[in-house]
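Listed next: structures, encoded as structure tokens.
The two complexes that follow have subunit A in common; it is paired with subunit B in the first and with subunit C in the second.
Coming up: the complex of A and B.
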């Protein structure tokens, strides 16, 4: 089981993950990124790259986040690949500070 | 909470040798991550090592010396002190040496760590001094090294980072995304600049799935393809005559030899359509810079050595070496000026030693030996033979011998360690100091210890200091500190290390060898091959000396080489076991089995750890083509038995059209005890040597598969 982007991404969508990924397995929509489980090689480089810690190994998800495994698979199939870093969504830095304070 | 970041390097048997940053809080390692500052690591590790701290602190770790109390193999041990363990070992060894001679002692090791001071050669000086049997360790790359030496010498070849300049890239028997993943971005960059990527592999691996052209080839027939490529470039005059005249010898003989290796011949052997073979040769020869990267898997069959001989001839034929990003990449380790003789100390050896090839350990322990005494003591470190060598039933019988005194140094109670009389606890990479070469890039690395050793675990260097003391050796060489050993391990005066200071190396954790940069370096633009003639030897002068194993894999012992005659020119040796070469065997066992590395394991490392077992499955899985499964009534996920005349193992079936019809894939590394009926893929693999370097033929085997 590969890595999974969780809801912590939504609202920030920093895309630091994209710049680290060696196999371009990230997909994107207006809210967040998704990892294509077929292409992910489990390198784990995206995990420390994410400023808000939104990415986890699939088998390490807490029970309330397990649904994100299927969401990543489904949404990766429905959305385009993103190959380079983009500006984060408006308000991302404030949201990040709030998450880190928690 | 005092937190610090310690820079180190991955210990594993992998070309990527990543730079690792370990976060330490109050003396405990809490996380590891790839070093973003290392140009090859680039902030990423891999599925094996991402949670390395979980390996370090696993409750399965052996942290104290153990002494067997139950039957051999029962895994029943009591904790003892180091003093008692060493006393017992020394007493038993002295008795064995007095009764049978030191040749009755056999060390067995490989690359549990490939650190320069804790790795391949750490035990060699002691066992050389004792006069123990020489362990000839040819598990991996041995045929390739011998073939390489015969053709282009011990050259590092093309810098992997130079691939960004290549326009035609062939990954031959290499699943880059699983076993060399840090190389991928350089290949990807080349593709974005217009390079064509060709992957040659019986299986549509992750890597093959991303290729521009995946060429599926019958296992073990790669030499036919390479020889046909030689045939085509010669016949169609796509060769670089200027480069050939100046920097090669034996072209006329090679051309004559290649005449019979037509595309049609190769098509029959490989299953690749002849027009594709012609297209590959033409594209390869006319799209400079063209580079071939060979993987270890290319040699694991009867003709593995000649396969690398043939492939190694190709770049010189087309003048590929003239360009940055053109040539061959196999083992950049040869760029590192390591003081191998100082590590191995062959000068300590008695004049004559007995050589035992250790991937045939089962045979050696059950009496199938060259002249000399039976093995009375086995010393295992940095290795797990129960998972990784052939003839496992013999190995089990051998390890179960009550008259065999077995010492195993380990992190865990592996299937091998369970047969030990004494188990000794070893440190992980976070608990020890080392300096690392790489066999996949050109960076020297330093591993700073991040934490103190757990329990009573010791580094291999400390283990062998203690064993030397226990055996009353008084030569101060055997009692040098780790720092002294590191200092002595490298030839610091060598130009490749110019400008690299130990202080800087310890601080940054890595330094690129002082060679030309990847945008300028074409190591054989003007020939300069480290061969006897200084040229690429299509007709090999070294071959006249017969078959040999490079001394690095034999504790530095150069004598008593196999010495069988070797044809000075490349030629095709068909696999021992496929339906064409062994039709009677194929009637009962019609499928070819290959055993590549598992994506989530590193050899058998991590086969016992939960994070990796989640990905690989806790039990062996075997991949079959849906048609081969369907005709046998096998459904996905069901238990199956894989068998031939040597034995059998059980696994769970995965069905995939990524695998060729007639080919079965059983990734290696699963532990014996994890599998149904407790056997691994090596219950069926053959003991036959490949043609060169005494390499194994683990992927040259016929099997049958049935529902279990």
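Coming up: the complex of A and C.
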């Protein structure tokens, strides 16, 4: 039961998840991060760390997000590992406020 | 034979950092130092012969996936500049001042091994235990291998609503068959196989919306072979979420809500109780009942509303604190080593060359990876200070030339112990059968590294 980054991640790049991942299983592209399901040890530490709540347990995804299980697997294989926190994208804080208000 | 590393002389101009403690935060500190691009060598000192700290002795045996993080620690141990000294206790075998004379900086990653006490009458009765001791015992911690847990009582009470309490409850609730193929210590499996514990009460002071449970760990109680979770509200009329709830507590509450309507059919039960303050443990010569007082948030115990639970076992699981170390500042209130961003500090004044990370820095909270961010913060400060720190007077290898450290386990010796544990677990279908006696560990590790006396 690995954890999965959903499309809610796209647009802020806080990468708090990366700093608390014990096994460095986060990958990244220009849009968002992805969890490598082969390396993830299911600790769940990244879930509360994400400021916008983009990370979910695979078995708890709503039906319209289930596709992200496969997307994480595929994109993690195609993208580099990210090992430390990156500066957030411009507009990240406004986006976060909008998501939390929702 | 002399320590292996003494044959390879250190290049002058390299910084030397000692990490005290071989658990997750220690390894992550080592990683951050060795990845920094600065010329740093790291020596890790671990009191026990074997590495991994709470990943080996804290993470429950039925959580094997979490233990896979050890592979990351092994990779860190392979980084150039890293050395491991297992079975070397700082403060006894080697003094802190001896260590300081050999390193530019010391990083304490010594965890939070001291159980907080309930401080109620009867806590010393036979049958009353610290949850942390039970965890260490079933995980084969050498210091706890002689502990005796009499599991002949049918009812057990666990005080505390955190994940350690859940671990204790789950291990008590599982059948021997559910534990047989884990790396649980053989002595613990034997004792649990004849356990008569049927009802396990998990008692918390606060309400169902204020537990420290992780939803994921709570959820496991819905999947036990012979035990049902029961949520007894008893006054907490509804499982409503209060405003300002963080998502983790919210998710735990949702799981408790689910439990409260579940049908019950199994022989064993885990009963979750809320709003109860421990008043005392009673019994003639041993634990016979737990006395609790009903309370509400921030309201003093009302002695007129007493609840007693008959039980033969009490486990206290209300938190842990760092162990005070002579000469190292300690924050009594927080139970941590006093620090500013990982720099040890006495009365707000930073101490030169002394650092702390992990649970001894911030208290016992977070997941394994929380320690990574924590150690990275500490190491950023170490790196910022390095050029201003005192040059060591002596080479670290001089530490092993006296009689104080007759032997130690290095990483290759640990590799032999690891392989042997895995091999001897195989016939029983266990991922490993841990060695629990330090002398056996040294024997299997071919004596470890024997120092010149």
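The rule is simple: the second predicted complex is superposed on the first by the 102 of 102 C-alpha atoms of A that agree within 3 Å, B and C clash if a C-alpha of one lies under 4 Å from a C-alpha of the other, contacts with A are read in each partner's own complex, and residues count from 1 in each chain.
Heads up, the rule we're going with is that a residue touches a chain if its C-beta (ideal position, glycine included) is under 8 Å from a C-beta of that chain, and two chains touch if they have at least 3 such contacts.
Just so it is clear, the structure is predicted and the values come from calculations on it, not from any experiment.
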Inset, instruction - Overlay done on subunit A, so just call it for subunit B and subunit C: clash or fit. - result: clash
Inset, instruction - Check the residue A:67 against both partner chains and state whether it touches subunit B (first), subunit C (second), both, or neither. - result: neither
Inset, instruction - Determine, under the contact definition given at the top, whether A:93 touches first (subunit B), second (subunit C), both, or neither. - result: neither
Inset, instruction - Would you sort A:84 into first (subunit B), second (subunit C), both or neither based on which partner it touches? - result: second
Inset, instruction - Considering only touches as defined above, state whether A:53 meets subunit B (first), subunit C (second), both or neither. - result: second
Inset, instruction - Based on the superposed arrangement, let me know which partner A:23 touches: subunit B (first), subunit C (second), both, or neither? - result: both
Inset, instruction - Scan A:43 for contacts with subunit B and subunit C and give back first, second, both or neither. - result: both
Legend entry - Doubly contacted residues of subunit A, that is, touched by subunit B and again by subunit C: 20, 22-24, 41-45, 47-48, 57
Legend entry - Parts of subunit C lying in touch with subunit A, wherever the complex brings them together: 24, 65-66, 68-69, 71-72, 214, 216, 246-248, 366-373, 376
Inset, instruction - Spell out the part of subunit A that touches subunit C in their complex, as residue ranges. - result: 19-24, 41-48, 53, 57, 84
Legend entry - Residues of subunit A that touch subunit B when the two form their complex: 1, 20, 22-24, 39, 41-45, 47-49, 57, 59-60
Legend entry - In the complex with subunit A, residue positions of subunit B that touch it: 33-34, 42-47, 50, 177-178, 181-182, 184-185, 188, 206, 210, 599-600, 611, 614-615
